[in-house]
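Can you keep this structure in mind? I'll have questions shortly.
So that you can tell them apart, the chains are marked A, B, C and D in the order they are listed, and the count of residues begins at 1 in each.
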Amino acid sequence: MANSVNDVRYELALASRMLANEGVLDAFGHVSLRHPGDPQKFLLPRSRSPQLVEPDDVLEFTLDAEPVRTPSVRLFAERVIHGCIYQARPDVMAVCHHHAPAVLPFCIAGVPIVPVFHLGAAAGETVPFWDQQDEFGDTNLLVVKPEEGRSLARALGAHAAVLMRHHGATVVGHDLRELVSRSIFMCQNAVYQLQAQMLGKVVPLSPGETRLAGAINAMPNVVGRTWEYWSCRLAEAGRMPPRRGKAKSRAPLSKPAKGKAVSRQRTRS
Amino acid sequence: MANSVNDVRYELALASRMLANEGVLDAFGHVSLRHPGDPQKFLLPRSRSPQLVEPDDVLEFTLDAEPVRTPSVRLFAERVIHGCIYQARPDVMAVCHHHAPAVLPFCIAGVPIVPVFHLGAAAGETVPFWDQQDEFGDTNLLVVKPEEGRSLARALGAHAAVLMRHHGATVVGHDLRELVSRSIFMCQNAVYQLQAQMLGKVVPLSPGETRLAGAINAMPNVVGRTWEYWSCRLAEAGRMPPRRGKAKSRAPLSKPAKGKAVSRQRTRS
Amino acid sequence: MANSVNDVRYELALASRMLANEGVLDAFGHVSLRHPGDPQKFLLPRSRSPQLVEPDDVLEFTLDAEPVRTPSVRLFAERVIHGCIYQARPDVMAVCHHHAPAVLPFCIAGVPIVPVFHLGAAAGETVPFWDQQDEFGDTNLLVVKPEEGRSLARALGAHAAVLMRHHGATVVGHDLRELVSRSIFMCQNAVYQLQAQMLGKVVPLSPGETRLAGAINAMPNVVGRTWEYWSCRLAEAGRMPPRRGKAKSRAPLSKPAKGKAVSRQRTRS
Amino acid sequence: MANSVNDVRYELALASRMLANEGVLDAFGHVSLRHPGDPQKFLLPRSRSPQLVEPDDVLEFTLDAEPVRTPSVRLFAERVIHGCIYQARPDVMAVCHHHAPAVLPFCIAGVPIVPVFHLGAAAGETVPFWDQQDEFGDTNLLVVKPEEGRSLARALGAHAAVLMRHHGATVVGHDLRELVSRSIFMCQNAVYQLQAQMLGKVVPLSPGETRLAGAINAMPNVVGRTWEYWSCRLAEAGRMPPRRGKAKSRAPLSKPAKGKAVSRQRTRS
């Protein structure tokens, strides 16, 4: 049981670092996971760049984005992004908020990202656009108030991702690996879409192609291959997360984790 | 003789890793080789990212893309790409299917890649365009059915490469080294073509220049130089394939390989 | 006290290397700090590429850009950039002059950089444009005469940065960390602005958003996170500055440094 | 004296690797030096990718591009580029031929490279354009015949560089360090010019600015700084050339080198 809890923290640190290593996250951005043993809680690292997150940095939050234990460390200001989406979307098990260079030009020009290659279909036919200005006027563009988080979650709706005007994107997944591959493929799609537009006309996949190709990144064949690849690249860069020390464990999860979602993933590849 | 067999597997792993290291392949894509001792078979790794392929991962397939031995590992879904091309093109000894970032914008915009610099002539005057949608309607864009593979091979025709709408490209060669250099030069050509178009007007090589310059990458002078360079870069990145362990050899080739095509290459540089 | 002096030199070398490691500086460019113990002096390395600067390279200058001690090493030709800005702007504690690839296209096309994402607001609503040609006619474009430095400082005015036609940019900060983050975010902003323009229309932040978001990079939450991240990336690249040897100290600061600005920063994160 | 000869070979290997490390050269391209002891000869490596060139690879050629000693190794096909330029331009001491990604778009679109930032002035006000097709019709675009080399040298004229349609560029220098910095700055200039054009209008330096700024990269201040920087980057990448073994010296220069041009450079920094 203790292993499962450690596994969950480790997997979240691994996913954070992987997304940083693949250029989705940089100094900023964060990845969370719904608590595997309690759907009314979620797990999110303390305020730290995602490439540096360690299993011990992972803390537990209620769905209104309050820490379960009084923290001795700084927290991300934008925790409500995660909490409000977990509230609105019971099917979502993992959330990533990022400012990837690939999507920023779309966030600035207000141009929709559409699926332009088979793997890009992972983000779905439509990625809605959310402009904080519409509902809240001038802000610092950070999503920190509960009502801002709820507004973003409404814009996301039943989609796989939402673009945030002048800011970045938020992506969701049914598990951590779907989240990781969807985030990466959506960024690749954005890069190709921009270049295709410079070259000529962007012709997106048809709705039928998008639906069919959108399932590719859930094929066991593919999940295993990409996870091994991104892991090896992370190891090659010397950026694997440290294993959690048994002695110095700081903040055990409030309930013994069933470890279902994540440990199932681990054996899948 | 045993060395020749090992050489073939090793060279295929080397080429896979080299193409990954040069940015043609990423988590996806695959390289195959017609069986050097039996033209009715081909060699292809098990489902694994090309940068990670080891000699032991290389399996044997019939030209209808069925594994010669019942595999205990996952296989690439798109094996028919290789099988159908080896059936249709007796001159082809090596095939690479990839989703290189360099070609994707062309696959999306539907703009033809034309030879724009001397080394880019390696892909020939015309790179045909194949749109799976034309013949098969909505699919997930993977080429998995024999009829899809045959359709792609027909589109390739006698050419050196074919672009696949919303998907990537497939490149062929008369030997592994021609395949590698052609794949790399075609990607460089695509990058320069896109940038030249942003700068002004793209003027391609004349047909005569294309024919003459297309032979450059077969000059012994050039083959030796590029193979040494890409090998050194791979070694510098710490990504050379492991040598195949004698003890734990898993799936010996069905016939003793003559090792002609590949071992001749090795001594050529 | 001696530690504070060493700290200041070390922090300046660290900031130089960090900005080089993040792509703002290359063979050229320089970072200075107002002398923490004497506002009528500033600290600037000897002529050396910023990635290579060591604490021992840091020299002391008067605000008219003359070295306090006769130097035995070469000096940067453009010292007046720093001196004239420290004279004109008592609030400025740190200055960076650079030729970042991200800003050069704007310096050439004469297109203003405007804030297009929340972190880009760090450079303010307006980045003025200075063309040396206007006041001085044909020059080699280096800013070496006092009157050239004063002209540039006038163009900067009360802003956070100034673009220099056909040359680069100069950025200022109230402390070294603000300078570093502002320089990096401004470059990211420039990259995204260029790509957004290629994609469609660039819509900048509103003045209110710019004012509010401009304060993000001073949030303790953010300062600590970015400084840790950029430091770790520098360490990962093996580029941390050497600690200053006690024995071979070459040019001690003329007055015992109070070490206020910088040592406060150090404990902030 | 022997040291001087070794120095010359070493410096040439160093410059080749430096230009490869900075992205000017790749698998292809070559750098030569006029023989420091005999202006009727030049030094050029055997056919090998420039990043891999070792001092022992450097051979001696007459100005009609014939090897002084019968070689046991393969030679570059395009040696006449060097020989014909040394014949036509007594002031030229060093030549680099390359296919840098930065210049290829200009070679394809037929758009002139013009100086757009102060360091870019190193390539002069005009970079002429040579199209092999004009005089020789369809070729493989390699410059291998003496008449092709002479035609290219005529197009170069008294300029610092010449663009070659569909092929690359050839750059010349009065010494090796001028050649290296000019080649690098010209590539940076090309990248910025392309992006400036995408952003708006390209405004080049005035003729007066170009003349004045063109001298910057000969300032001792600058030569020392860039040479240290590019050397350190090469060392950091683990790509420094090996020192020439005394025992296994293969092809001593035909005359004891005076070692003037190059050894003077060495002490300059």
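The rule is short, and it goes like this: a residue touches a chain if its C-beta (ideal position, glycine included) is under 8 Å from a C-beta of that chain, and two chains touch if they have at least 3 such contacts.
The model shown is predicted, which means the values in this text are computed figures rather than measured ones.
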Task: Go through the assembly and pull out the chains touching subunit B as well as subunit C.
output: A, D
Task: Could you work out which chain's C-alpha centre is the most distant one from the centre of subunit C?
output: B
Message: I want to confirm something about subunit B and subunit D. Since they are copies of the same sequence, is their interface symmetric in residue numbering (over half shared, so same) or not (under half, so different)?
response: different
- prompt: Using CA atom averages as chain centres, what separation in Å is found between subunit C and subunit D?
  reply: 34
- prompt: Among the residues of subunit B, which ones contact at least 2 other chains?
  reply: 197-198
Query: If each chain is a node and each touching pair an edge, is that a line, ring, star, complete or other?
result: ring
- prompt: Which two-chain combinations touch?
  reply: A-B, A-C, B-D, C-D
Message: Show me the residue ranges of subunit A that touch subunit C in the complex, using the header's touch definition.
response: 26-28, 47-49, 51-52, 74, 76-77, 99, 101, 104-111, 133, 137-142, 166-168, 194, 197-198, 238-239
Query: Which residues, counting only subunit B, touch subunit D once they are in their complex?
result: 116-119, 188, 191-193, 195-203, 205-206, 208-209, 211-213, 215-216, 219-221, 224-226, 228-230, 232, 236
